[in-house]
Amino acid sequence: MKLRKSAIALLSVVLLAQTLSACGKKDSKGNSLADKPNKLTVGIKFDQPGLGLKAPDGTFKGFDVDVAKYIAKELGVKEGDITFKESKSAERENLIEKGEVDYIVATYSITDVRKEKVAFAGPYFVAHQDLLVKSSNTKITGPESLTGNMKLCSVKGSTPAQKIKDKYSKAVQLQEYGTYSDCVDALLSGAVDAVTTDDVILAGYAAQHPGDLKVIGKGFSDEHYGVGLKKTDTKGKTAINAAITKMIGDGSWEAALQKNVGPSGYKIPAKPAVTE
Amino acid sequence: MNQPASGSGPNGTPMISMNNVQKHFGALHVLKDIQFEVPAGQVVVVLGPSGSGKSTLCRVINRLEPIDSGEIRVDGKILPVEGKGLAMLRADVGMVFQSFNLFAHKSVLDNVALGPVKVRKMNKNAANDLAVGLLERVGIAEQKDKLPAQLSGGQQQRVAIARALAMKPKVMLFDEPTSALDPEMVQEVLDVMTSLAKEGMTMLCVTHEMGFARHAASRVVFMSDGEIVEDSTPDAFFKSPKSNRAKDFLSKILTH
Amino acid sequence: MNFDFLSNPDYDILGAFWVTVQLTLLAAAGSMIWGTILAAMRVSPVPLMRGFGTAYVNIFRNTPLTLILIAMSVVLSNKLGLVLASKSSPTFIKDNNFRLAVLGLVIYTSTFVCESIRSGINTVPAGQAEAARAIGLRFSQVLWIVILPQALRSVVAPLASVLIALTKNTTVASAIGVAEASLLMSTMVENESDALLGVFSIFALGFVVLTLPTGLLLGWVANKATVKR
């Protein structure tokens, strides 16, 4: 009897907590990002040098972070009122739909499939799939030069490597790891010959190992990075587009890129046109 | 059958000899300076109250328990410390336990044939023939394909004796072989032991079976508190025990 | 729930699970052998072997499997040059990773097999070993002929748990790019973010289909194998 009572008590507590959290979650539900929010939760990557990286001291660095901060500033939110939340690739749409983040700046390519679920502002950057190789490597000049005895590395569950196999070199051997850092280690030790993903990500790693690694610089696909937000927030999208345009126009965009990925020798690409 | 109460057997070398053997279990001094011989062909029964060290006396002879100091010889050879030498010596010393200890996962036949095949390197068929012969001798050949758990205690103990005999041992050690048995099964085991004794097997039996001690033993050794207190013929021991401890022990047993 | 991805020819779900099954069976066989040898070491009278067995089990049982597998690939293979396939083979990476994964899983899982068997050895009454020694069997014979056969029968159930855990642990092999079920799942999660629930359900179901019969079968074997005393 006693057991049943406590079980019921426990159940009610759980239910109550859920109701409360449901209430508390979005007092701003339906509100637009354009309506002067007090605080922001922004989704970024935590593990990509040069773009979105959580430093050991808890600070965040990278181009995506700078873009996120610039947009927040334009929306009227102070830097101290931004909470950064890790948004892994597979979780991004969910985080936006559930309202757990206000917007996402995380190497988030604009695609039609994704647009069915979320809205994009931007693009704020156009990346190209590229190859990272050892600086001394002269054999690999582009995706076509990958041959059967060469080894290409990418992270598991990612599409770039598959794209190379499908389009350029059927024979190349594919090594997949959980993180790009493992790929870069394998590249440095000579276990693989090249690492592939977007050039700006690769540039981040090249910047960590100046002199040892280089990005080939022969981009072979366009990835339009956008800022993801709620599908219904048209006003918010306009506001973010305005912020991005301003950032590109006032030189902050180039400065941010220069600061974060410039040291790798990565050539700052042309400024993107905001088209969303 | 009755031989001198102590001293050498016919060929001069005692089958078992213990010299100044000391053994402790922690603080407990279980064997106190044991000086003891079993000549070939003798049947020695070891009696004593529980905790007197008689079981340990039996178990140190094939080194199931190591001793602290002293010397043990079996058929003139010093007991090896470990390894192959010890294994070969154990093969020559048959042992029967209180709790039978038949290999639970093997058939009765395999229990008996295992040693000859694995230790004596006998071929499988010969070992099986030998095993069947021994099982017939102890009266349970028809059970040879059963598992030990399917047999009664008395039957299991007889298999255990056959298992020990299969090694053609020079001496047999019995460590309270009937203590775990239901009363009605004691006799069938004692009968096997008596017939072995009659055939001239050298035996050291730790037991509480006074009848067996009286009729089959050539010598009775009485232990108490880790010491051998008396060592005499069965007649002398049962009719006129010398020590008070033996008198006390006998009075307790024989009044029941 | 959306299951459209099932008709996509890019996703060889059965093939991925077949790799999972291969990883499981090979690693199970290796772990069983190496785990038994480790258990024998841990109960052996030789202090050096006992010490090795104890140290091995304590080190590898307490190291995360992910770390072991990544170390197999990144340290052992990439840096120290341990190669388990022909370097010139066109499928070098695939073969090498698969074999490294099996080796890593054996290194890890054998510690659990060892400890299960050791607990089984403790359930065999001491008298069994005494009787075996008394007829002149040497230590190794006592162990292999008398003790282990009885110990193994009493640990079928715990070994079944180890096997089920191993089946699921094979997913960690995706960390070094072995194309088993969970690697395909990562790819599908990336590409089919609108059908996440469906993707997860299919893979969860796949693992249940693999492990449930294992548990039932070995449970039945455990009952049959018990040594009667």
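Read from first to last, the chains carry the letters A, B and C; within each, the first residue is number 1.
We adopt the following convention: a residue touches a chain if its C-beta (ideal position, glycine included) is under 8 Å from a C-beta of that chain, and two chains touch if they have at least 3 such contacts.
Because the structure is predicted, anything quoted here is derived from the model rather than measured.
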item	value
Arrangement of touching chains [line / ring / star / complete / other]	line
Most centrally placed chain, judged by C-alpha centres	C
Centroid spacing, where centroids are CA-atom means, of subunit A and subunit B in whole angstrom	81
Geometric centre distance via CA averages, subunit C-subunit A, whole Å	36
Interchain centroid distance [CA atoms averaged], subunit B/subunit C, Å	47
Junction residues of subunit C, two or more chains touched	none
Complex contact set, residues of subunit C against subunit B	45, 125, 127-128, 130-138, 141, 145-146, 149-150, 153, 227-229
Residues of subunit C touching subunit A in the complex	66, 70, 73-74, 77-79, 88, 90-94, 97, 174-177, 183, 185-191, 193-194, 196
Subunit C contact footprint on subunit A (complex, rising order)	89-90, 92-94, 113-114, 116-117, 148-149, 151, 156-159, 162, 171, 173-178, 182, 185-186, 189-191
Of all residues in subunit B, those that touch subunit C in their complex	62, 64, 82-84, 87-95, 97, 99-105, 114-115, 118-119, 147, 149-150, 160, 163-164, 167
